[in-house]
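Think of it as A, B, C and D in the order they're written, each chain with its own count starting at 1.
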Amino acid sequence: MKNPHNPKLQVNIGGLVLKNPVMTASGTFGYGEEYSNYIDLNRLGALIVKGISLERRTGNPPHRIMETPCGMLNSIGLENVGVRSFVDEKLPFLKNFDVPVIVNIFGETVEEYRRVAEALSNAGGVHGLEVNISCPNVLKGGVEFGADPDMANKVTRNVKSVTDLPVMVKLTPNVTDIAEIAGSVEDGGADAISLINTLKGMSVDIEERVPHLKNITGGLSGPAIKPVALRMVWEVVNRVSIPVIGIGGIMDAADAVEFLIAGARAIQVGTASFVNPRVTMDILEGINDYLIKHGIHDINDLIGTLKV
Amino acid sequence: MKNPHNPKLQVNIGGLVLKNPVMTASGTFGYGEEYSNYIDLNRLGALIVKGISLERRTGNPPHRIMETPCGMLNSIGLENVGVRSFVDEKLPFLKNFDVPVIVNIFGETVEEYRRVAEALSNAGGVHGLEVNISCPNVLKGGVEFGADPDMANKVTRNVKSVTDLPVMVKLTPNVTDIAEIAGSVEDGGADAISLINTLKGMSVDIEERVPHLKNITGGLSGPAIKPVALRMVWEVVNRVSIPVIGIGGIMDAADAVEFLIAGARAIQVGTASFVNPRVTMDILEGINDYLIKHGIHDINDLIGTLKV
Amino acid sequence: MPHKNSMISGRIIFNREIVKDHFLMSLKVSGHFSSDEPSFQKVSPGQFIMLRVKGDESPFLGRPMSIYSLYPGTSGLVIELLYRVVGKGTHIISRLKPDEEIYILGPLGRGFDIFPDCSCVILIAGGVGIAPLSFLGKHYMRDTANKSPKIICYVGAQRSDLLVGLDRMEEICSDIRISTDDGSRGYHGLVTELFQKDITSYNNSNSVVYSCGPSPMIKSLAEILRNQPVPCQVSVEERMACGVGACLGCAISVKSGYRRVCKDGPVFDIHEIVWD
Amino acid sequence: MPHKNSMISGRIIFNREIVKDHFLMSLKVSGHFSSDEPSFQKVSPGQFIMLRVKGDESPFLGRPMSIYSLYPGTSGLVIELLYRVVGKGTHIISRLKPDEEIYILGPLGRGFDIFPDCSCVILIAGGVGIAPLSFLGKHYMRDTANKSPKIICYVGAQRSDLLVGLDRMEEICSDIRISTDDGSRGYHGLVTELFQKDITSYNNSNSVVYSCGPSPMIKSLAEILRNQPVPCQVSVEERMACGVGACLGCAISVKSGYRRVCKDGPVFDIHEIVWD
C-alpha cells in the first residue's frame, strides 16, 4: 500500500476509525494468536475475537461441525475462556499489534451482558464491543435475545450504559423482520450494527440415522448464506442510519464489494478463513484492485451506491 | 419395480395415498407438460404444478433469476395463467396420466385463496391443494400471510371450508418461529404441511452496481438451503401431528432420505429438476436402493427414525 | 450411496482456444435418449443446449450454448460449440480436457425459420453470435442447394484479433463484410452501421435478415429495420435455469407480454421485442 | 475480477490406487511460505496437512491427512499421503491427476513424542492408520540410529486384500504381525486382540506403544492398556474446519475437558481420552 495513488480505504464505524473495512468475524479467528503466523494482523481493519462470556464455558460435546453444500454447520456452544482469563491471558498478546481489537460478548441474562461489557471496558487494549444477541435468553425460556425487539433494545441499552467503547450489535438472521430488530437496536443506542450471524440448520447421517451434530442443530455459515446476508444488510441499511457491517459467506473481494455496494460500511470474513488463512489479505488487495480498476479514490464513494 | 421383494414405497398424506414419496415442487415443474418428454409422469408420487391465482399474472420483469453458490435466486413473481385457463388448457393434458395432481394456490386476499380453491375443487382431475402462504397480503400491507400465525390459520380455515380435497399448507422459512406457524395451520384444519418455500435473498452485479434481479430480492433455492429446510422440518415434525412434506435443496436420494429420517412423510424436488430433468426418477430409484441395502421393507419404517 | 444420474453426457473430443478467450469445443454425444424426448437426430439452426460440468455443485446451473455445428461422427453425433469465456462457468468449461465428460441437455428452443424461396440471406453477427448464424448459413446451402440463395455475412468484433468463425463463414458466404470497433480490420465502427450503409442495395421482398450478438447491437438493428418490410429474426440471450420452459426464469419482454427465451425462443422476430 | 488466492499449492507427482479404494499420493510442495508460519522444513511424525481441491466450492472444507512420508525432492519437498476413499471429498481428491495442483495447509498439530531411550517401539495400526505410524517408525530408525530400538508393528485390516503400507513397514520393523477381521491373512480377529496376547512378553519399562486407527480399535486398546504402565500415544480423528485451533470445531473429550484435535492433538495419551 505504498503507492500514493492507492485509494483511501479508511472507514469510520461509529467513532471507531479502521484503516480498511476488512475485519475477522467472531469465532472464526480464535483469539488472533491462531492466525498470527499466517498473516500480518496489523493489516486487518479490525480483529474480532471469539465470543466472550462472564464465566468460562466448555462448549458442546462433539461432533460440533459438519460440512454442507457451500458451507458448514457448527454447534461450538460458545466455548470460551471467560472474560477474566481473556483479559489476563489473551489480551496481552493482542496488545503487541497495531490493530483495533473488538471483543464479541454474550450472556444468558441482561446482567451478564452488562458485566462482561464492564470488565472489558476497564481492561484497556479493547477498542470496541460487538454484542452477540443470538444467544438464548435463559430467563425467557431460551428464546434468542435477538429474536425479540424489546429484549434486543434492552441488552443494547444496558451495555451502552456501562461502556464508553463503540458498541456494535450483531443480529441473528433467524427472524421474521430483521429491520424491526435493527431499528430497536438503533433506538437502544447502538453505534453500529453487524449482521448476519449463522442461520439455524441441521444435517443427518443417513447410515447411522443420527444428526451429524451432537447438538442436533447448528449454525450455517459460508457462501451458501451469502444471498440471505446481503438481502438482510440491504433491508437494515434502508432502515437505520448507523453504520452497518456486512457478514455472511464472503469468500473473496467480489463478495465483499457486493456488501459494500449494498451499503455495508465494512465487512467481516468468517468461514473463509478456515479454507484459506490468508483470505483476508487477498480480499483486502482485491478490494484495492477493484477501486483502482473503477477509478474510485475513496472507498466511501463506493459504499451504498447500489442503483435500484 | 416388478421385483416382489422391492420395499413398499406407498405413503399416505392426509388421506391422499401416493405410490411413492417423490413429488415435484411447485414452480419448478411447470404444468407438467414441460417435463413430460423427459420422464414418465406416472412414476411420480405426485405432481405439483406452478402456483395458480384467481386471475392470470404476468409476473416480474427480467432479469428474474441468478445463480448463487450451490443455489439460485428467483423472482418470477408468481406468473401463471390463472385458474380458469389452468382448468381449461392445462388440466386436460394432466388427466391423461395416472398421477395425483396437486395444485399450488395463492392469493393476495383470503377471499382470493378461497375462490381459487373453490374453482379447482369443482374442476375434477385435481387430487389435492397446496396452499402457498408465502404470498404478500395486500390488505395487510404486503406482509406474507405465512409470517403471521393468525393469518396463516385464517387462510387455512377458509380454504378447508370450501373444498373436500386434501389440503396441504406450504410454509415460508422467513419467520422467527416456524413451529408456531405450523401449529396454527394445523389448528386451522390443514391435512398436511409442506416446507420450506424459498429463503429471501439478494445478489449484486459489482460491475454495473445493480441487483442481479430486477425485483432486487428473490427466493433462494437449491442445496444451499438444505440444512435450514431440514432443521425446520425437524422442528415442525416435533410440533404437529399431521404429515409433513420436506422441501429444500434435495438433489439426490441421500438428501431425500435425510428428510424422511427427520420425519418427513414425503419430499418435493424443486431446483434439482432444472439441472437434471430426470432427477426425480434417480431419486426414486436411489431411495429404493437405500431401503433394500438397509433391509427396510416399508418406507414408513424409515420415516421419523432419527435417533437423538 | 451411489449418486445416480441419468443425464446425457457428451465426451469432449477437443476444447481449444482458437482466439483469445474464445474456445471451440467438439463433443461426442453418448448416453440414452428416451424415445419421445428432444433428440439430436433433428436439430434446427438457432437451437441450443445446456452444458453442465459433471458431479459438481459449482457452477450450479447449466450454461446455454448455441449449436455451432452438428454432424454424424464415426461413433455417434458430434456437436461443436463456439464460446467465449466471460465468467466462472465458461472458465471452468474451458478447462475441460479431451475425453472428459460433460452433461448436456437438448436440443432446446425454437430455431430460425427457413425461407426456402428467398434469394438473399443476410447474416449479421456480433462476436460469438456468429455461432448459430454459421450453422444457419450451412443449412441454407444444403437445404436449398438447387436454387441456393446468395448468403452475405456482416461480422463485427471489438478488435481484429477477436474475430472468430470467419473460416467457416467464408465457405458459406458469397460475401463477408467485417467491422471492428477500433478499426483494426474492415469498417471502423459498429457492424450495424456497416449494414445500414448497404441496406438500400437489398431487395426487401426476397431478402431475409438473421442476427445474433450483444443486446445493444440487436437493439440498434431493430432501430435500423423499424420501417423496413424485410423479415428479421434474432437469437437473444437471457439467464436460464431449466432450459425447457418450466421455471419461467428466462422471460423476455415482447409486444404481447413476456415470453420464455428457452422455449418460445431463443429466436424472435426482431420487431416483436420490447426494449426498456 | 481475478480471484486472488494466496494458499500454498502442492503439485501432484502421482496419485494412484494401490489397494482397493486406497490411494498413494505424492505431492511436490510449491508456493511461498511466510517466514514464521509452520514450515515443512521441520515436520514431526503424527502431524497432518489439510488438503483442498483448487478453485472449487465443493468439497467446501479442507480434508485432514496425516503425513505418510516427506523427503527433499529434486525441486522442493515431496510429501506422500496414504488415504482411503470414504466420501465425497476423498473421492474428488482421488480423481486428481499428475501435474494438477491442490491447496495444502500445514504441517499442522502436535505429533508423536519420541522416547530416545526406549528399546522397544510397538506400532498398532488399523487400516490407513498405518500412515503416520510408518512415518514415525522411519523417524525412530533415523534418529536413534546408533542405539536403534526394536520396532514391532501390528497391522489390522478387514481383509487381506485391504492391507496397505506393509512394504514400507517391512523396511522399518524387525517384526510385523498381521490380523484380518475375516482371517484371510494372519490372525483371525482384531489387531488389538493379537497385541493383547503378546502383551506380557513386553517389558513395560523400556517399551512405548503408538497407535492409529478407527475409534473402536483405539477404545479397545485403551481397555487393554488400562492398568499397564507402558506409555501409549494415539493419533485420533475428528471433523475439522480450520485445522489451526481457531474454530474449536474438532473437540475431543479428555479428562481435563475438551481439547482441539487439530492443535492440542491429533496425538494424545490414550489414557487421557474420555470415551462416551
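Just so we're on the same page, a contact is a pair of C-beta atoms (placed from the backbone, for glycine too) under 8 Å apart; a residue touches a chain by one contact, two chains touch by 3 or more.
All figures in this text were calculated on a predicted structure; none of them were measured in a lab.
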item	value
Minimum number of chain-to-chain contact steps, chain A to chain D	1
Between the pairs B-C and A-C, the one where more C-beta pairs touch	B-C
Chain whose average C-alpha position is farthest from chain A's own	C
Chain B-chain C separation of Cα centroids, rounded to whole Å	35
CA centroid of chain A to CA centroid of chain C, Å	47
Computed distance of Cα centres, chain D from chain C, in Å	53
Per-residue multi-chain contacts in chain A, two or more chains	68-71, 206, 222-223, 254, 290
Residues of chain D engaged with two or more neighbouring chains	1, 57-58
Chain-level touch network, classified as line, ring, star, complete or other	complete
Of all residues in chain A, those that touch chain D in their complex	27-30, 34-35, 37-39, 50, 58-72, 74, 76, 79, 222-223, 252-254, 271, 273-279, 281-283, 285-286, 289-290, 293
Footprint of chain A on chain C - complex, ascending	1, 57-58
Chain A-touching residues of chain D, taken from the complex the two chains share	1-7, 34, 36-38, 52, 57-62, 103, 105, 238-253, 257-258, 263, 276
Interfacial residue positions of chain C with respect to chain D in the complex	55-58, 92
In the complex, chain B residues that touch chain D	69-70, 206
